[in-house]
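What follows is a pair of complexes built around chain A, which joins chain B in one and chain C in the other.
Up next, the complex of A and B:
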């Protein structure tokens, strides 16, 4: 286990460097001159040259790259071209909003997904199963931004029950629609994973033994089957949590939620290079770290992985 | 294989939907009841009726006609970007798996870096860098998707490269090129078909998401994603503007997901974990 963990952690470093490099050069080729867009009307050669120097844009690219890497080590992503604030502190300011939404979405996804999956497996090949699986395949196929629009239309415009968008000072009412939207695809995956994993487990001998002993059906389901069936579900949940924390660009833009996703999209639309670099790098690191933790937890829980050294469960999509 | 796919009920449903979407895409100008670009301000924001089954948008353009043409854009992006991913991923996966050593670790680290970016983030950043258009979206989506393909191909190569019959070919003087082309690649085909078909739905989803964010197809092109976002301002008075294209995306993605599932079950049940 320790060797496996050490190997995984060591692999983290070159990938991190790769992510930093790709992020730097990707943003570097952005069209448009950030200085010109900053000065706007006050066009003046001296100011432009001064700004260019101040932002280190007059240095050769490898010097800028080295400076970028050196900054990353000190967790310094530079200052925003637009607001002048340090990027790192703006990121930290936005992160709690994203975290709140991600945690609520995760709870929805686990509670609804696991219950639906267990129900479908328990009532295998009945109307319950078909209904649950039909709903989940539609859930997976439905674009998250469209579900958001649909929910806004039904719950705030037609029924007037919930606010259509905004943060609302943190009131729960404002969180419900974005959290449900964010949780949609994940809930569907969790339900499908729980169902198939439960079906695998229910076929095992020890379940038959438990039933033969006369243990009540609900205890067999929740005490024996679900405990063992949850292991693969945890990988899905973990990977989804990583993408909730980072990939909420669509959900946050629809609901005007002041989190990281919308922050990054705004930065991209405004060509705010230090902010884009910082945000993209930060999100990739958060995503990688969560995936690493999930993999290690999974290896710890399932000894078979340590032997082969590689996980055989790539989570696509 | 066709029979295997159709025998599964889900596969038959998926195939039907996919065929409808494909027909709409190919025959778009023939089957569309109106010119999807024709502006008629007198018909602006007309609710669904007999002559405009899905209503009209703010410029009085027929939503059904725009939806049909939107299928063409979605499929174009999805199919071509998946082909690019498939080619890059297969080449690099073959190289990594067959040559091993340094090339293998280089390719796999590159794949790790690509997969380290969550969801749409890399795509959003690439599209911001190269500027939004259908062509650049195809290329960007194609490049971003290579890593998953390469991993699958590499795993497949590793699992067969040391089989006895390949040792026999090698000892008979078969060149690496011949071994790859005649023996290893054919063994990857069924997996590649599955990856391709499962990926089509994801491609449609990615295209509409990017166009929704304004980073994909640009107006006046009727992309499903951008149609939804332009309908947002009129959600209260003309909900059909946003709701109809979303229904189109959901149906198309659903069809390709079901079809992909059925292909996977028919060709290679071992890939079940790819898409549950």
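Up next, the complex of A and C:
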């Protein structure tokens, strides 16, 4: 297991190099000038030229790329063009905000999604099943932006139960609406995945044997069926958690949440190249780490799978 | 998996528990964007300027009504036909660390903006001081026209008279910063923990989340009526409305799309304040490109579009039609006869110019609800003339680059005044020294207009000066370098718990010193 994990971590290197390179050239070909974003109105060409020189934007692209790679090796992304702060420390400051939201969203997604999926499978083709699956269709289809606005309207403006937006110093009541918004599509997807996976498993002989032995239904469901049905669910949850941690731009904007998504979007809009490069690199590391954890989690969920260097995993997530 | 979840929950809880959002008695205001730097030479947007106007002093500042009033300087004299300014500093002025604000600090702060190493994009604010150019270029060790003969006197001499010079000194770039390092050095500058002498002190700054200000206890005159001000960063307009309606935001700038709803509710009436903005909205026509080089074509464009109807239908009537570039709130503004909406005449003008079958035209814009509505309407009107408009939407950075380089045919944009003077519209927008990035993005060039603008800049007699401004504006209007649209009016609604707030003409104009908030009803 350790050997496998170490090999996977080693594989990070070429992937991250690829990600960093693609990001570097993508940012380079984007229209828009980072210097113009910094200077406001009524700028003069001399200052623009000075700034461009200071930011090395006047060097040939291969020189810039070499400089970028040299920084990358030291994990130094330089300073933000816009704030003047080191990119790495800004990322580390913003990440905890996103992490908190992502963890709560994941918990909601797992608890609600798996429960709904199990209930739907257990009461297959009954009102419970139809209700659960109908709700999930709505959940998958509803745009994040619309749901966020709707939740603020109902729970903050009309009922006055929860604050509309902000981080609120980390108070849980500030997290509920954004976490529900973020978790919505994933919850629905997890529920559908759990249901279909459970239905497959419930049809297996060993479940019939378990029932024939007189084992209580809840133990059949949760002790025997669910554990085996979880494998595909873990894949979904892992991928969603990765995207919660890296791409919650809309949710963070609606709820004025000071996380990584909004931070990165601002950087893109201002062509803050060091911040964009740092953020994309950081997100790639986060995503790959989550994927690795998901792969390792298969072994926990299904002991038949041996995580080793020789055998192919059922999925790379 | 279980241990992973437990770990992540723990990590997340630890990560967030150290910070707290101030609540309760604080005055809560919203910022649409997160300030990047609170260091005066680098202030380039409204959010940064607004915060800096509270934590720093200039020699002078703007009142809520847009007049220049004393700040760190308690008085001044203008001598030598407007080329010499002598400022007497308020000897009680103190930085927020208790240190005295002396005349040499003013010199230090100005040198810091102008020094070759500063890279400040705001050098233009101070470059009219004699010797500023040489100092900026590195050919002089000090600025000739800037002196501090004693602790409480600052003398500034200009190359030539410049009437709105005091306005320039009220801008953020001219704010006074406590010296901390060698002039021109950015190291140790006031990026995160600024030291100014303003009425307020920055006590907390969670980037992207909120800023908290508390009164500067060393500020010489009366303490503010609220003990804290919290600026929350809320990018979405809907969210700001929700915060206001939930009672957690005290002042809301009402988005244009919501105006009818807010104004339609009679209980809101006493809470709403309006202000004609120092802003002109226009579609710039590239005077150097294609058919738009011909003034007849540009006039035809102005006659082909029913601007009054656009204002009444698309802007809800909350704007004044622009028949020039100087906003109605400023001296120098004249409401002249507008181009009539006359498609037949427009068509004739196009025929005269040789465009009987019209032509293709690209209008660039940023994606905004207002821009989308207005530009689409213009597209419809121009199609009737045979002008086939293609709308190109880009975000600000790409838009600004293309427009400033003169690569586009036409563009929807507005110009905000940096200071309340007609000069701040005519000079950047139409003087040939400012083509492209300087503000003249329609690439309008006229030596006659240039000389009129320059004359108005050095004319100290206010009446004569504003006559010149009005004349210049009329002559430019006649050349139709833009499709002139409107001067918007803005509205704010102030919570009933809050008293004494004045919606300022300039965004820098409200120092929040007389604003109070009832304890009762606080969240």
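Keep this in mind: the second predicted complex is superposed on the first by the 268 of 317 C-alpha atoms of A that agree within 3 Å, B and C clash if a C-alpha of one lies under 4 Å from a C-alpha of the other, contacts with A are read in each partner's own complex, and residues count from 1 in each chain.
Please note the rule applied: contacts are C-beta pairs under 8 Å (C-beta built on N, C-alpha and C of every residue); 3 or more make two chains touch, one makes a residue touch a chain.
None of these values were measured; they are calculated from a predicted model.
Within the superposed three-chain model, A:282 lies out of touch with both chain B and chain C [touch as defined at top]. Applying the stated contact rule after C-alpha superposition, one finds that A:149 touches each of chain B and chain C.
When the two structures are aligned on the shared chain, A:138 is found in touch with chain B, with no touch to chain C. Contacts of A:160 after superposition: chain C is touched, whereas chain B is not reached. Of the two partner chains placed by superposition, A:122 touches none, neither chain B nor chain C. When the two complexes are overlaid on their common chain A, residue A:68 makes contact with neither chain B nor chain C. In the superposed pair of complexes, A:266 makes contact with chain C only, with no contact to chain B.
In the superposed model, A:77 makes contact with neither chain B nor chain C. Once the two complexes are overlaid on the shared chain, A:255 sits against chain C while remaining clear of chain B. Residues 30-31, 149, 152-153, 157, 253, 269, 271 of chain A touch chain B in one complex and chain C in the other. For chain A in complex with chain B, the touching residues are 11, 14-15, 18-19, 22-23, 26-27, 29-31, 137-138, 140-146, 149-150, 152-153, 157, 189, 192-193, 196, 242-243, 245-247, 249-250, 253, 264-265, 268-269, 271, 276, 280, 283-284, 287-288, 312-314, 316-317.
For chain C in complex with chain A, the touching residues are 1, 4-5, 8-9, 11-13, 15-17, 19-21, 34, 36-37, 44-45, 119-124, 186, 191, 206-210, 232-236, 238-239, 242-243, 245-246, 248, 394-398, 400-402, 404, 418, 428, 434, 437-439.
Interface of chain B with chain A (complex): residues 109-110, 112-113, 116-121, 124-126, 128-131, 148, 151-152, 198, 201-202, 205, 208-209, 212-214, 225, 228-229, 232, 235-236, 239, 242-243, 245-246, 249-251, 253-254, 257-258, 272-276. Across the complex, chain A meets chain C through its residues 30-34, 36-45, 47-48, 50-51, 54, 82-85, 90, 93-97, 99-100, 103-104, 106-107, 149, 152-153, 156-157, 160, 163-170, 234, 253-256, 258-259, 262-263, 266, 269-271, 293, 297, 300-301.
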